[in-house]
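Two complexes come next, and they have one chain in common, chain A, joined by chain B in the first and chain C in the second.
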Partner chain A sequence: MAWQRKILRVDLTAGTCTSEALNMDWAMAYLGQRGLATKYFVEEVAPSVEPLSPANKLIFATGPLTGTMASTGGRYSVITKGPLTGAIACSNSGGYWGAELKMAGWDMIILEGRAASPVYLHIENDTATLHDASALWGKTTWDVEPALRKIHQDSQLKISSIGRAGENGVLYAAVINDLHRAAGRSGVGAVMGSKNLKAIAVRGTKGVAGIKDPKAFMKATQAAKAVLAGNGVTGEGLPKFGTQVLMNVINEVGAMPTRNFRDVQFEGAKDISAEAMHAPRETDGKANLVTNQACFGCTIACGRISKLDQTHYTVVNKPEYWAASGGLEYEAAWALGSANGVNDLEALTYANFVCNEDGFDPISFGATVGAVMELYQMGVLTKEQLGIEAPFGSAKALTYFAECTAKGEGFGPEIGLGSKRLTAKYGHPDLSMTVKGQEFPAYDPRGIQGMGLAYATSNRGACHLRGYTVASEILGIPVKTDPLETDGKAGLVKAFQDATAVFDSAGICVFTSFAWTLVDVAPQLEAACEGDWSLDNLNVVGERIWNMERQFNNAAGFTNKDDNLPKRLLTEAAKTGPAKGLVAGLDKMLPEYYAERGWDTEGRPTATTLERLSL
Partner chain B sequence: MPATIRVTLKLYASLGKHLPPDHRRSNEITLDVKPDAVMADLVEPFGVPPPACFLVLVNGVFLPPSQRPTSTFSEGDVIAIWPPVAGG
Partner chain C sequence: MMKSLHIEAAKCTGCLQCEMACSFENYGVFNPAKSRIKVFDFHETGLKVPYTCTQCAEAWCLKACPVDAITKDKSTGAMMVNEATCVGCKVCTIACPFGTINYVADTGKVQKCDLCEGSPACADACPTGAITYIDADSTGIDRMRTWAAKLENQTAGHAD
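On to the complex of A and B.
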């Protein structure tokens, strides 16, 4: 089996670290990572728990393929109840930290309670110890990583940490590992901060032993890697242009949310696109993009590494930002750019650096700035309140707000509330472009109808990574569907949601699904793990995980009324592009979706459904 | 019927390099083509093999592969083309 069969439980209140056996019955039913950790979470934590209280728990979990030779097998997830949404939160990250934890001999870490003062967790194979982190509190993630390597005299330490945003309770604070990989969404970093846990530093030298059939596993992973290499998207498109190649695609199809979703096309999209990142700058003749980068075991390598123009106003006399670091991915470029009408590529890159440096989600941050700019344009918020003039399109306002949010200064703490709480505070809740309190990513549901349903029903609030129907509706993967049609989208959304739950639970990256289906995943799991990981069973496991998450949210107080979209998307038609005249047709899709899922009209799984899924 | 119609061709991602150098930053070029021109007639003069055209949008609307050999264009159409791409 590819599980290490061992969990680290850390009681931060008592200051203890204990080892316990992994519940293999649960592993057989929930696979690993997202599914298995959520099973532990829902068994141990009351749905009513206050997210930032000591009673909430925080789980860092790997999957059975994490740390193995499976392509992209470097993933881990952070599971908790999210402070931004009050719903189940599960944020997934790449880099090298997840594989290191697995190779230290652990499947997951369950963190509970709250330390009396700041601490960090150090793991060296079987040994786990808590240490005083007073000297690290107030530091950025970029300062913490080298500091811990120096303290432990170990240049190979892999570190997940929070920056000042997590300490200051920014409700969409992220956990950052390897400087610029993020468990980004839903505020998992704020929960870590509430526990006075600054970082988890891991060194693992044990490898992943116990692969069920090593020869079959090698054969299966090699075959799957050949599929990735031979596919135009994963073999060529993503390595060369990254996710940012979507900027011009989504703008052309008229589904680019612009200026807080007032428009569906952005005239400045070309200036902040993948193509623009490749083009030499007029100022210094160099391109924004330096290279691509792969996470552990990845044969796609879609990551962007960028260098800023040293003469740009954001970094003049700030050499700490002149080195190459994590560049813009599509969702961040959209949220920092189009959502605010900002087309300054260097300003967006700088804001993205700040998000990584101090650990907060650029999607929720950028989308909240979009709401702030709209409130400013309306005269509800003023220059005196904000500290700067903030019309749509102001790069200087965007980067100023990023700094304020990172440091907890000026208007930053208000932006750190997220757009739902901020717009409600200033009397305009309809301007919050959120579902269940979480900001939308970069696809307008008026132009991609299936995404409206995917957002409305996502278990962690508005999200593209819970059911990426863009692949089918726009890109034709695996089959092309019409983005302007609502018919058939209920089944499509369900299929994407359930399959994604499996990818997220296996320890691999969901981007493999541009080339792989579960047909490609099943042989890898079958060779690595004991148990039934046939295609049929994987489909059941994915659906089981989705319904388990749904049940937690229902018990936490969510109802069918929360499976909704903002009024703007339901009543204000798209003004341009192929979707001109259309609103999001959620009312047509949602009842069909409930029926597809085997839920009642209130959005609750029926007894028959629960029995079928062994829940 | 006019002798030619004017359309805009946009080539993105790795297809952009096929455009003349002064059009690569904008990724687009204006073309005067015969009214019966199809997609291959637009891209082949730039050295783009039609099979490399994975995603083809006409005014933002997907043009299915089956229609690409026969579908003609109208004055003012914007034809945007990508190789295999995805993101998220």
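On to the complex of A and C.
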């Protein structure tokens, strides 16, 4: 079996680390990573738990394919109750850390309680120990990684940590591993900070053995890799352009949320696009993009590695930012750029570096800045309050806010609340472009109708990674549907949501789903793991995971009223582009979606549905 | 034809498929820690560099071994460690200027790349062509072709 069958339980209050056997009955029903860790979470934590209290738990979980030769098999997820949303949170990250944890012999780590003072966890294969981290507190993730390698005299340590944002309770603080890979959304880093846990440093040399049928596994993974290599998106578009391949496409279809969703097309999109990252700069003749990079095991390699222009105002005399680091993904380029009307590629790249360095989500941060800029334009927030003039389009304001949020200075702590709390505080809650308190990603539901339903019903708040109907509505994967239509979207959203839950539970990257369907995943799982991982059963497993998350949220107090979109998207029509004149047609899709899901009109799974899914 | 591993670092993405393929081929486990090829990530420049034994024509390790446990395989040209003879003295690891022969505590022997009997698993697994297994006498052929192509353009330009 591809599980290590072992869990590390860390009681931060008592300061103990204990090993326990993985519950294999649950593994058979929930696979791994997102599904399995959420099962542990809902069994052990009360839905009413205060996210930043010691009673909340934080789980780092790998999947059965993590640390294997399955393409993209290097993922891990962080599961907790999110402080931004109050809903179940599950954030997925690549890089090398997840595979290292698996190589050390663990499927997951469950962290509970709260340390009395800052600590970090050090894992060397079977041995796990807590250490004093007071000397690391207040440091950035970029400082913590080399510091821990030095302390342990181990250059091969892989580290997952929080920066100052996580310490300071930025509600969308991220967990960062390998310098620039992030479990980015929903504030999982703030929960880590609330537990006084600075970092988890891992060295694993045991490897992943015991694949059920190694020959069949090599065959299945090779066939699946050939599918990725032969696909236009995963074989060409993503390696060359990264997810930024989407910038011009989404802008053209009129689904590029701009200036806090006032507009659906951004005149500056070309300046911050993939093509712009490739083009030589006027100043130094070099391109922003240095190279692409893979996560562990990934044969796609969509990651961006960028270098800043040393003469740009953000980094003059700051050589610490001159080295190559994680460049702009589409979501970050959108949130830091279009959402604020900022078209300065170097400023966005710098803000992105800062988000990684101090560990916070560029999507929620950028979108919150969008709301701040709108409040500034309206005269509600002033230069005196903000510390800077902040009209839409101001790169200087964006980078200044990034620094303030990272350090917890000036207006930073307010931006760290996220747009829902911030706009409410200043009397304009309608200006928060969020669902369940989480900021939207980079697709306007007026121009891509299915995404409106996907956002409204996402279990972790507005999110593109829970049901990416953009694939179908814009890219025609696996079949083309009309982005401006609401008909048929309920079933489409459900299908994407359930399938994604399986990808997220297997240990692989959801970007494979540009080319793979569960038909490609099933043989890899079947060869690697004992249990029934046939296509039919995977569909059930995905749906089971989705409903389990939903039930947690319902028990936490969410209702059908929270499956909603901000007023702006429901009443202010798109002004330009193919969607001109359209609002998000959520009311047409939601009842149908509940019916498709087997939920009652209040959005609660019926007894029949629960029974069908063995919940 | 004698072949050798040819590495083009600029193509490497750092996916570590090669490291997993190596450990799987030799130990039946996915475990980069046991791989004989290592990919180094120079994050400050963005460069990823796969590195392994180049099978020296006059191998330091072979010459240093006091019990003659290292021999040259005639068909592949690989320096091979005979585990039955190796006493784990590690002198070869000191002698090798490149660090590509290493001690394995589990077995008490040393290990190094043996070219997988002429079909290296790393090259098979590499998705980018950063590692290839090609004619040992013309590993520079692709680079020559690239430059030759530039020359052709110039010549064509002059002919107009």
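We adopt the following convention: the second predicted complex is superposed on the first by the 615 of 615 C-alpha atoms of A that agree within 3 Å, B and C clash if a C-alpha of one lies under 4 Å from a C-alpha of the other, contacts with A are read in each partner's own complex, and residues count from 1 in each chain.
Here is the rule we use: contacts are C-beta pairs under 8 Å (C-beta built on N, C-alpha and C of every residue); 3 or more make two chains touch, one makes a residue touch a chain.
Just so we're clear, the structure is a prediction, and the values are computed from it rather than from any experiment.
Trainee: Is A:246 touching anything from chain B or chain C once the two structures are fitted on A? First, second, both or neither.
Mentor: The first partner, chain B, only.
Trainee: One more residue to check, A:179. First (chain B), second (chain C), both or neither?
Mentor: The answer is second: A:179 touches chain C but not chain B.
Trainee: With the two complexes superposed on chain A, say which partner A:333 touches: chain B (first), chain C (second), both, or neither.
Mentor: It touches nothing on chain B or chain C.
Trainee: Once chain A of both complexes is superposed, is A:220 in touch with chain B (first), chain C (second), both, or neither?
Mentor: After superposing on A, A:220 lies clear of both chain B and chain C.
Trainee: Thinking of the overlay built on chain A, is A:462 touched by chain B (first), by chain C (second), by both, or by neither?
Mentor: It touches nothing on chain B or chain C.
Trainee: I'd like to know which partner A:190 touches here: chain B for first, chain C for second, both or neither.
Mentor: Touch status of A:190: no partner.
Trainee: Touch check for A:200: first (chain B), second (chain C), both, or neither?
Mentor: Touch partners of A:200: none, neither chain B nor chain C.
Trainee: Help me check something: in the complex, which residues belonging to chain A touch chain C?
Mentor: Chain A residues touching chain C: 67-69, 71, 96, 99, 103, 179, 204-209, 211, 214, 218, 225, 229, 239, 290-299, 301, 305, 307, 323-325.
Trainee: Note which residues of chain C are touching chain A in the complex, please.
Mentor: For this pair, the touching residues of chain C are 13-17, 20-21, 23-24, 27-34, 43-48, 125, 127-128.
Trainee: Touching chain A in the complex: which residues of chain B?
Mentor: Listed in rising order, the residues of chain B that touch chain A are 10, 12-14, 16, 24-27, 54-55, 57, 59-62, 64, 78, 80, 82-88.
Trainee: For chain A, which residues count as touching chain B in their complex?
Mentor: 231-233, 236-238, 240-246, 248-249, 252-254, 270, 274-275, 279, 329-331, 464-465, 468, 470-471, 474-477, 480, 482, 510-511, 514, 577-578
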